[in-house]
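In the two assemblies presented below, chain A is common to both, partnered first by chain B and then by chain C.
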Partner chain A sequence: MDLNFLFISVLNGVVYGAFLLLTSLGLSLVFGLGRVVNFAHGALYALGGYALVEVMRRTGLGYWPALTAAPLVVFPVALAIERATIFPIRQRPDIYTLLVTFGVSFMVIGAIEQTWGTGTTLLTTPAPFTGTLDVLGNQYPRYRLFAAAVSLLVSAGVFALVQLTPVGLRIRAITDDAEMAEALGIDTKRLLTLVFGGAASLAAFAGALGAPIFAVHPDMGMSILLDSFLAVILGGLGNLPGSAIGAFVVALTKSIGGGYVADWSIAFLFVVVAVVLIVRPTGVFGRGRVA
Partner chain B sequence: MATACLLAVPFLGVAPFTLTLLTEALIFAIWAMSLDLLVGYTGLVTFGHAAAFGLAGYAAGWFAREIAPDFFLALAAAEAVVVVVAAATGFVATRVSGVAFAIISLAIAQVLFQIAVAWRAVTQGMDGLVGVPLPRLFGLTLGPGRDFYLLTAATVVTIYAGLRWLVDSPFGRTLHAIRTNEDRAAAIGIDVRLHKWLAFIVSWAIAGFGGTLLVFMKAGTTPMSLHWSESGNVLAMAIFGGLGTLVGPVVGAVAFVFLRDEFTTRFQAWQLAFGLVFVLVVLAFPSGLVGVAARLRSSVWARRS
Partner chain C sequence: MKTERLALLVLLALALATLGHPAGAADESIRIGVLTIRSGPASPIGDDILAGIETATKMQGKVLGRPIELIVEDSLFNPQNAVTKATKLVQQNRVAAVLGTSTIEALALLPVADRLAVPIITSNAGAAAITRQRCNTWVFRTNPDELMSVASLQQLIAQTPKLQKAKWFTLGHDYPWSRLVGGSVKAVKDIAYVGETFAPLDTTDWAPFIAQARTAGATAVIMPVTLGTPLLQFIQQAHEFGLTKEAVLVSPIGLPDWLVAKLGPTSTNVVSAGSWAAWRYEEQEPATREFNEAFYKQHGRVSGMQSLQSASAATLLYQAMTKAGSAEPAAVVRALETVDVKTPVGPLKFQPGGRQALSPLFLGPYEPLNPPRYGAQFAQRAEAFVASKSLTQSAKESGCNLK
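== the complex of A and B ==
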């Protein structure tokens, strides 16, 4: 009986971890590439959820076409944000990117509240994933398992892109040594703009994919932003595999801890992060950068 | 001179509502100055300064409600709690700097926010700690309005003088050295981690004065006082006014309170406007209002000579 409860907590943790993976990878990529710490990542995640709802409402299309449209809608918005706010301060210390995107986050959430109000929108689970599935004698929502699988697949795609393609090679070169990469003729500025847009699209996709599970409201991005930050710090800033593992550590700590000590799980999580920071300031794997 | 003006305000026939706003602005000024010590003078950008302010509010409010509404006793209780929590969390947070410090400080505030929501026996959860009585000072009950304004103004002046002394002291100079170049400061024998830790604790302790005043002014507090957006507000006040100046955050806090009042009553688009101003200030005027004023003055002088 107790073991069963633990099993469900772990399953919830894995599902949440898959979402966290999508948002953490984007954060980590953008940080590695341009030392940009994007506080607006959570707001863009929320914008993805709203883009989904708006596309469904306007076009009358179902959930699935809207899910693919959401990241496409957010992509140009993110490009504009990068050009207008991050591009001009590339020469300043890293912390300025955090400050400026913090302001951007307020603007995006403010714009969301202005346009769609402060209410919560609930979505029905899209067919054919309604209902539950029998998992070792537990009835578990089908859609959650599907969404987790999609998140994992997309994340694997991102890894493949970074590890196997010429663009990925450039991204890794810049992450390694931006000055050297530039000297070799890589247009780091343009690539950063594109990767920023891509990372924002990933966040928007996560927001839209999670909409039937977590609902859509203006503040929806904040807790996932904080969790992603912690995941990225745990794994070492700019270290992609580290961020991936960090995402699951954070998600499992939260869901298992949350199952037993309810609202105190975030305090527990903080203790975990604190211990890691004291023992290994460069992240669990020691390969990230000391920020 | 400025002190006399500040203390004379309530006797000049200012509308009660304006006096309330001004009291709030001065309380925020304490908070913003304490942030300046950390961000402007030590170079540690915190995204969780609501933690210090909100925690003091809870501690002082709880003490006044449950034990005694004496201002100094409540303040002492709040300071004790704030200093202990700052020493513990700061010990972890100041091991890192830059972006990681910003995120860890945000996480600390978020933990306190969750505790304020979850620990219902003490904090009354989302309902908030309400019904904090009026403060008593030397056995006399301080009325809202003028009395409370004078207490606040006197506290602001004292804290400003104290901080001014602190930043010019050898300790303050050491913080400045750390801000300018951490590696070099360490190389000449400064214990960087110890000084950052001390700056963190002092900053929280000063914010605690503001938090104590605010809980008495509002007669209560809610978990929203620990929300991340509050940390953003205080950061905006200090940056808008001008970091590393002490005067800047005071100007920023006053501007913030009156602009927010104006925007929320007339346009109902405070968050959007706030974000826009925040972005513009960071992009175009990183030295804030005080910095812009100084630049204007020096350019006028340059033209004259």
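== the complex of A and C ==
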């Protein structure tokens, strides 16, 4: 076995996993808090990419300020989406929100196509992360390493927020028992709106961060949405640490599988997820809710 | 009484006017259906196809003294919808022919072509079977098929010393065409073929596959990747990983010009065989230049391959109608079989006894244009590879047995 190839495959998986972590955490948070299976998450990821491009174009600012602005632009859009579509049907069965977010996803993508067209925008890698870096004798893109590090840092921030702050305490309380949390005076509806906005901002940040690698186009969120769902299902719906591990399992399976058995890598991934769903419907790491 | 007489006169005048202008008379338009992709991610392809037909139609003016009316329908790039829309065009709109189809629509229309009974001239369909094993009396094709493209790729390798000495690796999407391309490269005599990998169709991160090409020590990577965003992503990521410093990227059918514009200088890492560089045929072919200029005037951009091919299909159709002296479908089909016309991709006619046009292909690297032409700053150098070399079998030998 070529150990260097294995090393590169693992590195590719870790980099993609770090990126997937950002989108998976948002999905998991929203499900845990409001039992909302958010199919619009991928569209909001795409909206982040377009927000980045639009801020750069309108303001003439470079990539870095636009990267910071993109999630801020998407945040109010997500709040409006939640208030207009999810908020009114929160008391209804879960399938309602699933169908609504599915529809919202198409509406957001349609709006993107109407506003910016169906074409693809390529972004050059921003300085100072252009070119490659020597990683144990392998030339590896600097920007990918940077993006992975940023993703990990932001994800760590989300974990810290949930675990160490009063807001996080409320989020965990609602995730554990929403009715009891409400009885204790926690405004669950308001918190869900804010968390929905926050999760969308995370997705938007991921879309903007990934833009120089994956390009910006209306369907850019579809593939990442599927991978994120797989990660969240593997880890346990609503289980944040589980989702994090799920993200890396999905990414490493795709990367190592793609490297060694490209034809079967996707099939293998789906078999793993199917087995998990059959054997442990609450995810490998449990504690998640069964929808 | 006066009013009644006046009404009678008006009715009489109307009746006379109708008698004087029977169906098919000089001021009645000839309706042509354009069935192409008008929405979704693949809509840029449909934009180019429609734009080419529009320019060719404008350049043509009238046919048989009658104006041409284009009736456009969105295929949604979906086979069932393509059949529905084609049926609507024929039965409801009474079109004389259908233009604008790509592979998905053309394959979908083959089983219903006899029922539709109008000429269908596809200009963007690669599947060889359309004009070979599954050829149909009503279905013609102007663009080179996938096997002709493969022959041009083999010629490109054979005539380029750098490519002959290279270590070849196939990196493409996991579908039959990619394997056909990989197999065709493997079949070239005396070249070093060091490996292949086929990525799932929804791949957005090409890192695992690029790693394989690098580990194999590839110095020429043939990339049968779906045109559009996936190909853009792949080339961008190959550049990002530095693969373009180690290996030349070879496109088996070429890059669309809008894609070249997005890639900019990165496109100069690509060498291509195929039909995309057709617009640069203008350096040899005045008809191509004339079309390019008219296209640029009308649409403000360089005419891509799909525009040139769809325009050629429209030109062939209009000339066949002129030759037949009628827009009647069966007469037009007979005329198409023998028509020989100067089109935007050069002089064109259909293979004797078949439905495949003898279209040229083009070989060469991508290069900067100084000065830019029609707004294009980069484009493939176009060395023509004539159809007599890419389509060596007769229609019958290639499996086409028309009734």
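Following the convention adopted for this analysis, the second predicted complex is superposed on the first by the 288 of 291 C-alpha atoms of A that agree within 3 Å, B and C clash if a C-alpha of one lies under 4 Å from a C-alpha of the other, contacts with A are read in each partner's own complex, and residues count from 1 in each chain.
Here, a contact is a pair of C-beta atoms (placed from the backbone, for glycine too) under 8 Å apart; a residue touches a chain by one contact, two chains touch by 3 or more.
Please read these numbers as outputs of a predicted model, since none were measured by experiment.
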Partner chain(s) touched by A:Ser105 [first = chain B, second = chain C, both, neither]: first
Partner chain in contact with A:Gln139 - chain B first, chain C second, else both or neither: second
Partner chain in contact with A:Ile233 - chain B first, chain C second, else both or neither: first
Touched partner set for A:Leu44, first chain B, second chain C, both or neither: neither
Touching partner for A:Leu277 - first (chain B), second (chain C), both, neither: first
Which superposed partner A:Pro88 touches (first chain B, second chain C, both, neither): first
First, second, both or neither for A:Leu191, with chain B first and chain C second: neither
Chain B versus chain C as contact partner of A:Ile8, first or second or both or neither: second
Partner chain(s) touched by A:Phe214 [first = chain B, second = chain C, both, neither]: second
Set of chain A residues, in rising order, touched by both chain B and chain C: 222, 226, 262-263, 266
List of chain C residues in touch with chain A within their complex: 39-41, 43-44, 174, 197-200, 202-205, 207-209, 211-212, 215, 228-229, 232-233, 236-237, 240-242, 258, 262-263
Chain A - residues contacting chain B, complex: 37, 85, 88-89, 92-96, 98-100, 102-111, 113-114, 222, 226, 229-230, 233, 237, 262-264, 266-267, 270, 273-274, 277-278, 281, 290-291
Chain A to chain C touching residues, read off their complex: 2, 4-5, 8-9, 12, 15-16, 118-122, 125, 131-132, 139-141, 143-144, 213-215, 217-220, 222-224, 226, 254-259, 262-263, 265-266
Residues on chain B engaged by chain A in the complex (per definition of touch): 45, 47, 92, 95-100, 102-104, 106-108, 110-111, 114-115, 117-118, 228-229, 232, 235, 239, 269-279, 282-283, 286
